[in-house]
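The same chain A turns up in both complexes below, where it pairs with chain B and then with chain C.
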Partner chain A sequence: MSLKEKFERIVGADHVSDGAAERYVYSRDMTENPPRTPQLIVMPSTTEEVQQIVRLANEERVPLVPFATGQSVGGLTIPQVNDAVIVDLKRMNKILDVDEEGMYMVVEPGVTFGHVRKYLDENHPGLRYTYAISSPFTSVIANALLQGLCDLSTRYGAMAEFINGLEAVLPTGEIVRVGSAILGDDNWFGRYPLPDLVGLFTGWQGMTGIVTKMALQLWPKKPFTRHFALFTFGDFMTTDLLKQIVRADLADDAGALSFSVVKGLIGMPAPIEAIEGEPDYGTFLTLSGVTSLVLDEKVRLLERMVNSSKVKEPKNLLIPFEAVARLMSEEAYGWVDFPSDSFKQLTEYDGLTWMGTYIHTKNWGEALFKGRKIVEKYGYELMAFLKPMKGMHFCEFKFIIRFERDDENLKRVRQCNNELLDLALDLKAIPYKTPVWSAKKLHERADPNFIELVRRIRDLLDPHGIMNPGRWGL
Partner chain B sequence: MTSDESVIEQWLHSCVRCSNCKYVFREYSPSCPSGEHFGFETYYASGRIWLAQALYKGELEWEVSLLDPIFACTTCGNCESQCLAPHSEHIVDMIEELRARAVQEIGGLPSHIRFRENVVQYHNPYGAEHHNRNLVETYGLPLQAETVYFVGCTSNYRETQIRDATISVLKKAGVDFTVVDEYCCCSPLIRTGQLDPVNEAAQHNADAIRAAGAKRIITSCSGCYRTLSRDYPKLGVDLGVEVVHITQLLKELIDKGAIVPKQTEHRKIITWHDPCHLGRAMGIYDAPRDVISKLPVDLVEMETTRENAWCCGGGGGAKAAYNDWSVETARTRIEQALRTGAELIVSACPFCTRNLRDGSSEDGPPVIDLTELVDRFI
Partner chain C sequence: MTEARMFVILSNFTNDYKMRNFKSQNVVRGLASGTAEAEANLMLDEPKDFIGFLMAQLINRQLEDPNLESRVKDWKMTVVLATDYYPVTLTFDRGVRFSMGAASDATLIVEMSFGTIIRLVMEETSTIKAFLKGEIKARGMFRHPVAMKRFYGLLNAALKG
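So, the complex of A and B:
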């Protein structure tokens, strides 16, 4: 029996393909990372099917690559070895439970931000999840596993923080749970006090098993919310002001964008050039309170901080979002209400990439200041995106590049991202959602014992090396 | 199409595969009948665009395993409504060009080839005996008239109740009309990339319409309407007259009092299915609703309507080549209709009517054409 037939016996013939079309489309993504063609694509619909796939892969020594929607913007679903089998998880798309009292949901890997949003609005209108600026149709599990950032990250940190527990099929085929649900269903309240084995799966880019369920924290919607747009000048002055605002616990979310991105939001066509004298950054701020009084007080403090900043930079400007919406369009509310709605301008071409990192707060401004020079040198639009993380314990920055995927551009984008990564590593930033080339550069500078530990854990969990081999430069 | 411009080439560097086309924007319900059923990335608009680009650039060789992802698409255009990228309005054009290239390179699907041969031999895709001109005698129509009713093959050879209701309404309204020796408008061929016979048939239709001395054409088929209005000009075929869909004409006739719907005591609950060719392709959403609002019925809309309407599953050659999936798609639409509590499902495309009926259960609400509904009340 051929390998394809064996997979067909597990998931049904309609859910396995070795067609030239599928093998092509799953061999690449929108980034500059080089494609590699898989031998098969399989689409399981249950944990048990995933388990059988993994067991078969072990017997046959077949490399597996988990795939949710292929939108990591890091080439993370592109096989790194030949003859890989892509495990497309989109049929596992159930929201299994929402626990109002424990404020969490249990979801399968094909569940996307959009679906969560709709489901909560319709069934649990008092609760919210955290939303990225990616298309609404990226996987919440994949994003949490990749420690991504969303519109509650300014307050609570990277998405992995939101994980209460998970169920996974290990590379050797066992189904395991980590977190409080080891005592059974309806009990996914948290990860502690236990050995925190969620960390065996987050940040591993699918090398340690296939996560089939995840419990994620939800949050009560704040009864009083206001949004503001803050326009600022200078990399250091901008980051200094954001640090103040976030340290004072004023903002639930503070996503700052190069002004070019703001111009794109209001419909300016590509390519967008920065104009002398315009603000460098536009930051969308979300403030909330349990009473209007609390909210008003936060607003007052915010205004005071921005006013004080005017001593150094008189052109800094804080405007209520109502004014933004009047100026731009009602659509503007979509950007703050559900940031996915604002990703439109990232769909300009067939290419999209970035070099994104988490970085020490002290190095944030310098990273932006030097990073923009690199982007300008390569002639790309200035599209920085930055976020204060976890109450200012750390920061995020990335430079977005949208581009046409022709040979010339691919080469140039690679060089630009390489230089940006060198800068980031010089400033001891940790790149996220790292493509292999980037992970390898990180290895060169990182504590070798850490890399060795990662390798040992991977080998222990995956003795036959079937899970996403070659990923993260291992 | 005859134009040498390649829409695939024009958009060779677009589509970031962001998945937005998979679901209704801000509604998050499925939009793509093909992707929803087959699941692989290749069965969504983005997959097809990437394939089209890859084949164009020579990154992929033509082979038969490509045929299903290329042809298992109803060309419903819902992806176009959801996509936010600059190429959004051209997705179906890209898919149709991809199909034309597939037909040239490796031949089309057998069921599509069959209806192409029928069009060539019998002037209709069903292989039915060509009899259009008989209608002139049957209905006592003039040889020349201001208005030509372009019947369309499905109304003429399969869903004849639509043809009959249309003729009845036109007569009751006192419209000066006739029918001509029409050949298939070739919508099924254009949608499935079989372009060779299209120009000749289109030219024949143009000549027949001109010979009838017509100033406008009425179609009761949304597919014919889209093809005559949108595709013929691209083919370089100038009909030289206005093309009007029956829903637009009905609105006009009601507005000017040429037909006056009777009011009844019992008002049925009905729901309206937007045909893809009429709605998304031609932007006509209000005319049928305006007509319905004048009838003694209560319209309850389905959860997906207008540019977001779930497709009936019948278009783009899907019914001929993938009947099970096509009917399953119709069943999804019927389930949406049932959730409205409708006693009747109304549309304005013989193809939709046929497929929605195939997707209905026997004891479910009947599926009828808007002309049939109007005819009942005048």
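So, the complex of A and C:
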């Protein structure tokens, strides 16, 4: 019996493909990372099917690459070895439970931010989740496992912080749970006080098993919310002002964008130039309160902070979102209500990449200042995204590049990202959602004992090396 | 001219445009429409700067009103809108063209900060009040009162949507 037939016996013939078209689609993404064609794609629909797939892969020594909805930008689902089998989890798309009192949901890996938003609005309107800076089709579990950010990161940190527990199929085929649900269903309230084994799966890019369920925190919707746009000048002045605002606990979210991105949002066609005299950054701020009085007081403090900043830069400007909507059209409310779709400008061309990091707060401004010089040197549009993280305990920055995928551009983009990563590592920033080339650069500078520990854990969990081999440069 | 007299004149201009204002949800369209060539020219001239692009969109919405559009086509003047970010020049000549920088042969130079533009949009102030407070300054209005009337009315209508 062929390998394809063996997989067909597990998931059904309709859910296995070795067709050239499917293999091509799964061999690449929009980034500059080199493609590699898998031998098969299988699409399980249950944890038990995933378990059987993993057991078969162990018997046959077949490399597996987990794939949720394929919205990552970083080459993270491109196989790193030949003859890999893609395990596409998008059929596992059920929201299994929403616990109103414990404020969490239990979801499968194919559940997207769009699914969650719709489901909560229709069934639990008092609760909210979050959204990532990506398409609404992005897998909630994938973004949490990859420690990505979202519109609650300014307050709560990277999305992995929101995980209460998970269920996974280990590389050797056992089904395990971590977190409070080890005592049974309806009990996914948290990770402590236990050995925190969620960390065996977050940040590992699918090398330690296939996560089949995850419990994620939800939050009550605040009854009073206002949004603002803040236009600012200068990398250091912008980051200094954002630090003040977030440390004062005024903003639920502060997502700052290079002004070129703001111009893209209002409809300016590509390529977008940064014009001297324009603001350098536009930041979308969300403020909320349990009463209108609380909200008004936060707004007053915010206005005072922005006015104080005008001593150094008189052109800094806080703009109520009502004005943005009147100037740009009502569509602007979509940028703050569920903004994932507003980032569709990033797919203007067939190429898209970014180099993103989490960085010490003290180095944030310098990273932006020097990073923009690198992007300008290579002649790409200035598209930085930055976010204060976890109440200003750390920061995020990334430079996004949209490009046409010709050979010359691919070479230039690689060089540009390499320089950006060198700058980031010089400033001791940690790259996230790393493609292999980026992880290898991190290894060169990181404590070798840490890398060795990672290797040992990976080898312990996956003795046959079937789970996403080659990923993260291991 | 006294401030009071200026206030009356500007009020009349504003009311005049309020009457003619035509709300539209469309965003960008041809300014000097009527010919395919005119539409194409507009697209070529689409501003690459923030102020110019924004103003072009706002003015285009007003020009959805065919009566206003037909009047604007007959205007011949050059207006510099000098913001605290940078100046843009609006050239009215069988349509409107935007360019960055200040034209040296401007008919009018209107100075206002982007913050004032936002306050006008939010209706926290009016063009009259802003003018009287010195938040809007205009050079050339005494020599070109008709041009001032035209631009002032168009701007007022554009910012109020």
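We adopt the following convention: the second predicted complex is superposed on the first by the 474 of 474 C-alpha atoms of A that agree within 3 Å, B and C clash if a C-alpha of one lies under 4 Å from a C-alpha of the other, contacts with A are read in each partner's own complex, and residues count from 1 in each chain.
Keep in mind that, in the parts below, a residue touches a chain if its C-beta (ideal position, glycine included) is under 8 Å from a C-beta of that chain, and two chains touch if they have at least 3 such contacts.
What you see is a predicted model; the values in this text were computed from it and never measured.
**Student:** Using the overlay on chain A, decide if chain B and chain C clash or can fit next to each other.
**Tutor:** They fit: once the shared chain is superposed, the two partners occupy separate space.
**Student:** Using the touch definition from the top, say if A:177 reaches chain B (first), chain C (second), both or neither.
**Tutor:** It touches nothing on chain B or chain C.
**Student:** Considering only touches as defined above, state whether A:278 meets chain B (first), chain C (second), both or neither.
**Tutor:** second
**Student:** Given the touch rule stated above, what does A:25 touch, chain B (first), chain C (second), both, or neither?
**Tutor:** It touches chain B, and chain C stays clear.
**Student:** With the two structures laid over each other on chain A, which partner does A:69 touch: chain B (first), chain C (second), both, or neither?
**Tutor:** A:69 contacts chain B only, not chain C.
**Student:** When the two structures are overlaid on chain A, which partner does A:323 contact: first (chain B), second (chain C), both, or neither?
**Tutor:** In the superposed model, A:323 contacts chain C only, not chain B.
**Student:** Quick one: classify A:128 as touching chain B (first), chain C (second), both or neither.
**Tutor:** After superposing on A, A:128 lies clear of both chain B and chain C.
**Student:** Could you say whether A:43 touches chain B, chain C, both of them, or neither, answering first, second, both or neither?
**Tutor:** first
**Student:** Of chain B and chain C, which one contacts the greater number of residues in chain A?
**Tutor:** B
**Student:** In the overlay, answer first, second, both or neither for which of chain B and chain C A:191 touches.
**Tutor:** Neither: A:191 stays clear of chain B and chain C.
**Student:** How many degrees apart are chain B and chain C as seen from chain A, counting from C-alpha centres and rounding to the nearest 10?
**Tutor:** 70
**Student:** Looking at the superposed set of three chains, what is the minimum CA distance between chain B and chain C in Å?
**Tutor:** Superposed on chain A, the two chains' closest C-alpha atoms are separated by 16 Å.
**Student:** Please write out, lowest number first, the residues of chain A touched by both chain B and chain C across the two complexes.
**Tutor:** Correct list for chain A: none, the interfaces share no residue.
**Student:** Can you check the complex and tell me which residues of chain B touch chain A?
**Tutor:** The contact residues of chain B facing chain A are 12-20, 22-23, 26-29, 38-42, 47, 50-51, 53-54, 59-61, 63, 65-66, 68-70, 83-86.
**Student:** Within their complex, state which residues of chain C touch chain A.
**Tutor:** Interface residues on chain C, with respect to chain A: 25, 27-28, 46, 48-51, 53-54, 57-58, 84-86, 100, 113-115, 118, 121-122, 161.
**Student:** Okay, in this complex, where on chain A does chain C touch?
**Tutor:** 231, 259, 262-263, 266-269, 272-273, 275-279, 314-315, 317, 319-320, 322-323, 326-329
**Student:** Could you pull out which chain A residues touch chain B in their complex?
**Tutor:** Contact set of chain A toward chain B: 14-15, 17-22, 24-26, 29-30, 41, 43, 69-71, 88, 90-91, 112, 114-115, 117-118, 134-138, 334, 338, 341, 343-344, 346-352, 404-406.
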